[in-house]
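Okay, so chain A shows up in both of these, paired with chain B first and chain C after.
Now for the complex of A and B:
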């Protein structure tokens, strides 16, 4: 039969190659650290790069060699840290989950637009221009670079205000949007209920009033209102101390431009008032 | 005679007929001038005056102890109303000295230079140029004395006076060459002596034939061989690197300066202003600009004091026929769009253009037609650089020589898909430079 010769030939070749592979796999084996694989299995596997290393395998190597702390992955959070610490026999440090928060409420109809923008739809490119198409040179440009970089799909642009909305359920606090934003308006905050000033403008109040109806006009009414003395005016910006704040909400009510907002646990959505 | 030029580039409708025949008009000094502390490439200045001080016209009001910087002088006499944050045409906002004009004619003048420039020491001439606050008046505003100080290992043999004025609409250099030729040639003598060049060339595009015929007999009297070179009217002929290529057939190496090929290039208006200071002792406090565009009632070439606000200039031109949709400082190809009329004239302002319509095309996807590659005067691949910038692949853009781009805008002009290539390339250049600074490379 004609079928015999090819069967035997291919079969013998297969066997020979198989034996060779088995031999060379032993002979030229690259020693790998089994710990690295074990660590990588515990990491989230999003390869987002938030830790600063090239992907999860990059971090796993660094953790195994002791160059990175087991707490280096901001995405995995305490569960992953605890497991890693157990694996490595180390103490896991104290930790609080963080979330990204946009410190600007100057969306369409609230912040003045002073010019038509016809350049590249990219916040970094728009920020390069000497003049901002939005009157405010500190506020959100709303072109969505943060949306593009978020590896977890936690950010979308609001259809009405054209401001990014960050979903705290999906946000892992990896900080990619914080690094991307050319105007440094997104910041990482502890994931809990808090009161914060949603404006980063350093312009004097008179200017801010012209440019945005939700901007901080530096009237410092909140500083005088706060019964705990938690609010101070430092380097041209209002600062609310999270330690001293009791969430009484007096400043939120008093703020004449509604730029102090209460941020819930679930959503960093703007509390729209008035 | 065959006109000299460089390969690639674009032929543009030059729109110069509106203002090219209009003589320079000296404008009355405004009641207030605003002088930003950064008007040049280099270190920002520190004010030498305080709020409430009285200053004379021509008095030095800001300087800094840095080599790459040029001091600033008061263009009017009056009182310093303050040093405050003000809109800046290229930097957004910047600290600026505001002077209220008191209308008096009090002046401070430097000592004029003696007639015999060639007997003076180059070093003293460079100091004279720095003291006068001279920067390249073509637009880039690079301090002139720095250009005139070649390192000892790079001798200069040729000096080029740039009268190409390849940007459409602008005609201020054209008028200066016609009306201020004597000052300009005196300035040329100072600069040639200061940098040690043996020969000089004046490059002029052949759409300014009157300048070529006017200057050709005048340069024969200069003490060094000087040639007026007619150039083909092609954009970007006024770019330093392309001017050198066209006139001397020398190519400036990537990342290099004209110094590397033994050449110094300066704008004709810089020479004219310098010649004037040598004669009359008035430092750089005024410049000639072109106001043009389809929605301006009265167009023309104006000699304006530095720091005059754009809104005052518009009022001087009797306002607009229709409200402009786009206001550009500089030429339409490399100029910078303005968002407010509260910006002052700075040393690098070659003009303001006002357009009723937006010339931008609607953007489509790139079809790889390669027109940008065909026209890029730096022989780069703009479509690729634009794509890499869009994807934020800045390292790859760097290996594709994004930093060699001169931002002339030829690629975006010819792109049939209307892609804002220069904006994308500027973004990539900015990010590459930022990374280099951070990485300390």
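Now for the complex of A and C:
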């Protein structure tokens, strides 16, 4: 007998609460845009916030209202973009795959080493020191933090130059090495043939010439050479516009220190002169 | 009248400070650590907790005194109370979404978070265990929620300053937050014996 009372009581309570909730949910239902739900269903649903909006539902709302582009989700990548574009009736275009690129050629024998480093073999530790064991304050330390952090085994240290070499076949453009590098030498670039300045030094030309034979000496010969006007000198660095560049290669020929390099779609380094 | 007032004053001080739900009773630590990253967040969480705590303790008090005790079903209270709290939170969420969308958006994730918050359940239990009449239960739950909010805002203030502090690597993140919480709890120990 004793079992019936609690069963009935709790059952009734649960039923009453359930019915009440169902009633209120119906009565106070807020109409939502069905498109938002469709979009949210296509998004990864990880709520990681990498798009800059509060979770996948936040991004879905923004995409539905046209404030965000359907390729705003970096996690979903080209697949989600294509699906969303189909849903919204838009052209999806091609997804720009990214690859990591080392902007330094100052390896052994090219950049000067002014001191012997006997500390922990870790770029971050070496970077903490007030002075650099390599003459250049901007160049690659070559201690291989990027090699250690790469989850795809796409980076190895060259035995001769002690500089990291990034294999674009294995690289996925995840950006872990970019975040790891204490000197911010590695950047993500679109995976296609391009011409770029492989030196991030902000030192004046005279200093650079003393420290490294492949550094940018800010002679601005390339700026004058470029027939397309794609090369400019901005904030102490040479900038090559990817939009304007026609890959003619004149700047690569002219650069006196060979610090402008041509990068291919597959191999990280296509053409290194000198 | 004056004894009545004194009892209520005692309830407020003991619930909010002396027996602070977090720093003296160590209940409801997960939202305490989770939601104390900024002062604005902690105020939102405090409001949501206050709201649900008061409503839940009223409804559970009625159920306890008029349903569970007369039928001799005291052992079912965990189940029944959790049912009440979960339903209430859902209901509040639905109503807020419809009527006060701004507040709903501000509370956002906090509302569902407190569905199974042990602090709420603890308050409904304690209110019943102390044998308070309904009015005092309301006062008690408001004071507990006040104590919760105060503790939350205090820690949030500390954490906002901690972000600028130079913390040793091995203490960064949660370890230093726990240490700050310990120090806060020790400070709150000073209230012990305030109310006899």
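Keep this in mind: the second predicted complex is superposed on the first by the 180 of 274 C-alpha atoms of A that agree within 3 Å, B and C clash if a C-alpha of one lies under 4 Å from a C-alpha of the other, contacts with A are read in each partner's own complex, and residues count from 1 in each chain.
One rule holds in what follows: a residue touches a chain if its C-beta (ideal position, glycine included) is under 8 Å from a C-beta of that chain, and two chains touch if they have at least 3 such contacts.
The structure displayed is predicted, hence computed values, not measured ones.
Colleague: Per the contact definition in the header, classify A:125: touching chain B only (first), chain C only (second), both, or neither.
Modeller: In the superposed model, A:125 contacts chain B only, not chain C.
Colleague: With the two complexes superposed on chain A, say which partner A:6 touches: chain B (first), chain C (second), both, or neither.
Modeller: It touches chain C, and chain B stays clear.
Colleague: Using the touch definition from the top, say if A:20 reaches chain B (first), chain C (second), both or neither.
Modeller: second
Colleague: Does the superposition put A:28 against chain B (first), chain C (second), both, or neither?
Modeller: Second partner only, chain C.
Colleague: What part of chain A is shared between its chain B contacts and its chain C contacts?
Modeller: In chain A, nothing is touched by chain B and also by chain C.
Colleague: Name, in rising order, each residue of chain B that touches chain A in their complex.
Modeller: Per the stated touch rule, the residues are 87-93, 325, 336-340, 358, 360, 389-390, 420, 423-424, 426-427, 430-431.
Colleague: Give the list of chain A residues in touch with chain B in this complex.
Modeller: 114-116, 118-120, 122, 124-125, 128-133, 137
Colleague: Which residues of chain C touch chain A once you look at their complex with the stated criterion?
Modeller: Result: residues 63, 67, 71, 73, 76, 79-80, 83-84, 87, 90-91, 94-95, 97-99, 101, 108 of chain C touch chain A.
Colleague: Residues of chain A touching chain C in their complex?
Modeller: 5-6, 9-10, 13-14, 17, 20-21, 24-25, 28-30, 54
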